[in-house]
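Look for subunit A in each of the two complexes below; its partner is subunit B in the first and subunit C in the second.
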Partner chain A sequence: MNMNKPVITAASQISSIGAGVDCLAANLGAAPRMGSAGKYDFHEFSEPIPCFKADTFDPEQVLGKKGLRTKDWATKLLLATMELGFKAQFEASSQDDKPGICVGTAFGSVQSIGDFLSDSIVNGVNAVNPQAFANTVINSPTGNANIRYESRTLSTTVSTGFNAGADALIYACDYIRRGYLNRIVAGGLEEISYYALLGMLRSGVLSPTSRILPFGTLADGFVAGEGCAMFMVESAESAAAGSRTPLAEISGYASAFEPSTFAGKFCGESARHCMKAACDDAGIRPADVGFIASGANGIRNADAMEAQAIRDVFGDTPVTAYKARFGECYGASAPLSVACALADMNAGRITGVPEGYETIDALNCVRGTAAWKRGGFVMVNSFSCDGNCTTIVIKDIHEAAYNRQHTKLQSY
Partner chain B sequence: MDAAEIKEAIRQLIGEIAEDMDVEAEKITDSAHFIKDMGLDSMALLEVLATMEKKFGVSIPESEFPNLISIDKCAETVEKYLAQKG
Partner chain C sequence: MTEIRTVITGLGIVSPIGTGVEAFWNAAVKGTCGVRPLTCIDTTDFKTKTGGEVRDFDAAAYIAPEKIKTMGRSSQFAIAAAKMAVSQAGIEFTKENPYRVAVCIGTTMGEPQILEQGIKAKYTASSADAIPADLPRQYPCAVIPANVAREFGVRGPSVIIPTACAAGNYAIGYACDLIKLGRADVVIAGGSDPFSSIAFTGFNRLLATTDTVPRPFSKNRDGMAVSEGAGVLIIENMEHAKKRGANILAEILGYGIACDAYKMTIPDPSGSGGIRAMRQALRNASITPDAVDYINAHGTGTKENDKVETLIAKDVLGERVKSIAMSSTKSMIGHTMGAASAIEACACVLMLMHGIMLPTINYEEPDPECDIDCVPNSPREVNLNIVVSNAYAFAGNCSSLVLAKFTGS
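Moving on to the complex of A and B:
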């Protein structure tokens, strides 16, 4: 383990797969659980829209009743994820040593913003609940988390579209690498809102057959999802000082932008550059990457671009696409993919895309489940149709190997 | 809507807000001061005002805001403006 690289010492997630990280080990390979969105407070779709909902937990049961009445769904999703994964660490930390919080989200509180405006239009300005106003800023969920866990060290919301969650992780890593803070809970959050779903519907990205077939030759769009995945990211020194065993090292990362996407072209130059740059940052060769958790979501030209870029850089390296399991969760997708990759790494396996559909020939796309040797590197991609490319390389830290190294470090 | 129904509706509203703010049940009485006795904050009081206007279909001027300090006072204010409304 490189002591300059940030490590992940705890993880938590809520998605359509379930709540908490343990469910990923058990249910990641199970048949995806799909629901639908139809009726909202002020709007209704004429037909329910199939989607992957993260209604796999009861907010009151996880968070208690106090203070929830005026919190919106995005905030409850983030708070519950935090509560399941990091409550004890926050409580055990002194005021000056509380971890910071950094959340990536594409749409943030757009449901609350739209509802607040709708309420004022439908019922009149005076009828709007003033308490709901606090939900109408994009950093409201993050701020609420800071308040709940009394964290004053960092409160950051990153909103960079599809890549927001990946970018939030990078932001946290940079913050730690520069020595500003030792520990940050970072990740991504996205709720299925009426307004975002309507935008997806009108822009034609949703699958008319309600299937999400990453790299599928017959893919026709994606199914939207929602969820939250957060990680305790900290310096290796901080983890060692707190006797927290790392689950993985964030070995490298890179971002790039692909302007050709605005012309409807997906040449893949930036994707290739991004993956190579992340390998360089990690100090590894592409051949060292054990498997790739791609950002593929069933948008055929974007998937084809990523497939070709992967083929060009990595050849036959196994590839999976966890979005087949939890849908396109925008800002939460990359962190959820990291959480799934951690579960797979820990179990010594790769959960591939589901069986039952044909994938692009050029790619070594894992179907069902494949074995994976522990201790190697995994790459998580987030390439969006708006041209943003973000890649993160994580290294599995096998507990036995870590313990050996940790003991060695302590003995110096 | 008669006076008893108005008061009951306000009790229910305050009960919901107080429960969310973890106010002990015994502190919630018709005469209890929202801030001094129950510990509600100014945002909660604005919510009380907005909800009462919506629920009872009245417009309560902001000048009445300092008077909305208890369930009894809220009920009196609503009755007053309902009567003015005719």
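Moving on to the complex of A and C:
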């Protein structure tokens, strides 16, 4: 283990697959569990919209009743994920040593933002609940987490669209590398909201057949999802000092922007650069990457761009797309992919895309489940339709037993 | 290994007292108040009728007409301010490695007017079909740095940090880190926020807005003014700037960020987060409180903020606080949300360059709870070497930035 590289020492997630990392590991390969969104306080879809909802936990059971009344769904999702994974560490830390918090989200609490505005239109500006205003800032979920866990060391929100969660992980690594803090809980969060779903509908990115077929030759869009995945990211020294066993090392990362990608046009130049730069940062060759967790989501021209970029840089390296399992969760997607990769690494497997559809020929796309030799590197990609490209390289710490610290989670 | 130094080579400002660095500075030195009766929103049902609007902004002066309709006002502000800053920096991106040029912007609301436009269109037409198909993709705040990056054809990290009203400082701080970590040579950094009816409604409902003009640190202060604008700085690796012969305007010595972890909408009465942030900033800058010549206050004009900010300064600076001036730019431009600390960082650079401390205007009555030298009502000529700029926010976000006159040594 390189002591200069940040490591992940704990993980937590809530998604449509379930709550907790053990639940994720156990059910990752199961048939995706789809629900729907229909009626909201101020608006209603004429027909329910199929989506992957993270209604796999009871907020009151996880968080208790106190203080939840004014918290919106995005905040509850983040707090519950934090509670499942890191509560003990926050409680055991002194005031100056509490981990910081960094959350990536594309839309933040957009349901609260839109409802606040809708309320003011429908009922008048003097009828809106002033307490609801606090939920309208994009960093509201993060701030609520800082308050709940009395974390004063860092509260940051990153909002780079699809890439937000990956960029939040990078922000945390940069912050640690600069020596400002030793430990940061970082990851991504996204809620299913009326306003974001409506935007996706109007933009024509949702699959009309309600299927998500990453790299599929017949893909026709994505199915939206929601979820949250957070990780305890810390310096290797900090982990060693606290006797915390790393689950993985964050060996390298890179981010870039593709100016020519916009409004459905995709160019792979910056994506290629990003993946190569992440390998350089990790000090490895592309051939050292064991498998790639792509950002593919069923938007055909975007998937084709990523497939070609991967082909150009990595040749036949096995590729998967976890979004087939939990939907396009925007800012939470890349962290959820990291959580899936950790589960697969620990199990010595690659969970591929589901069987039953044809994928792009040029790619070594894993179907069903394949074996994977432990101890190597995994690359997680996030390439967005607005041009952001982010790649993270994580290294399996083979000698470490996977830390099954969330055994009670499956009961939720 | 010697740490990489980060310098500022260009500034861009869009504000209620002027668009353009010169217009802003001339108005600020005169103590111009940009908080006036609002024209961009029907204030009939609101207690507050005033705010800060950018009335002289012409997007077409900075952005091609066919592009203007593809982006919101926040992106337009950010691009305009970035173009001013790039022009002043004299940097030609065609001569740079595009992957070494990053964009890092802070914001509170992102592109709220896009969401407002969409929801109002739906209510007006009673149908979601009335929402233009190309509107939704203009909303996520990631489009703001993306639009800036696209305008200049740069390919480095494109980041937006929406940490509410401290976002500009967060973005500037992260820009410095990107350079110091060797991830970028140049960062187009700052903050942008357009006038938001959501913010205006919310602050009204919280009874946090003034009926007239903001009077920071004055005993009769009665609230802040919701405003809009953008501030952008070109931040460079000092060696990179020197190599291309750039005119270096100032240096960023360090920054600090922290969190109150107290309440979402009001500061910790003990100032815990602000104290932690300012101490961290001084430590990061490798200076002691004795070296600080001036503080650009968050200074919103609310009872609580100004009182707590005074406590913070006293706690961190001790006796030194009696000889340090601390003024509020927001007394002139109102509270431009996520843009505020970026505009204020630009103002600090201009103060360092001109040797003038900008005033706190509208100051009427001393407040024992704010017993600081707030440079009341008139600017002051003084030699400034090191200044601190504070910014605080919803969710308890606290930040301090340390800027210095560039000496080259």
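Here, the second predicted complex is superposed on the first by the 396 of 412 C-alpha atoms of A that agree within 3 Å, B and C clash if a C-alpha of one lies under 4 Å from a C-alpha of the other, contacts with A are read in each partner's own complex, and residues count from 1 in each chain.
We take it that a contact is a pair of C-beta atoms (placed from the backbone, for glycine too) under 8 Å apart; a residue touches a chain by one contact, two chains touch by 3 or more.
Just so it is clear, the model here is predicted, and its values are computed rather than measured.
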First, second, both or neither for A:Arg69, with subunit B first and subunit C second: first
Partner chain in contact with A:Asn123 - subunit B first, subunit C second, else both or neither: first
Touching partner for A:Tyr357 - first (subunit B), second (subunit C), both, neither: neither
Which superposed partner A:Tyr40 touches (first subunit B, second subunit C, both, neither): neither
Dominant contact partner of subunit A by residue count, subunit C or subunit B: C
Subunit A residues contacted in one complex by subunit B, in the other by subunit C: 126, 128-130, 134
Of all residues in subunit A, those that touch subunit B in their complex: 65-70, 123, 126-131, 134
Partner subunit A, residues of subunit B touching it in the complex: 16-17, 19-22, 43-44, 46-47, 50-51, 53-54, 59
Complex contact set, residues of subunit C against subunit A: 45-46, 99, 103, 107-110, 112, 115-116, 118-120, 122-123, 128, 131-137, 139-143, 145-146, 149-150, 153-164, 170, 174, 177-178, 180-181, 183, 197-199, 201-207, 257-265, 272-273, 276, 280, 284, 393-397
Subunit A residues touching subunit C - in the complex, by the definition given at the top: 43, 106-108, 110, 113-114, 116-118, 120-122, 124-126, 128-130, 133-134, 136-140, 142-144, 146-147, 149-161, 163-164, 167, 171, 174-175, 177-178, 180, 195, 198-204, 255-259, 262-263, 270, 273, 277, 384-388
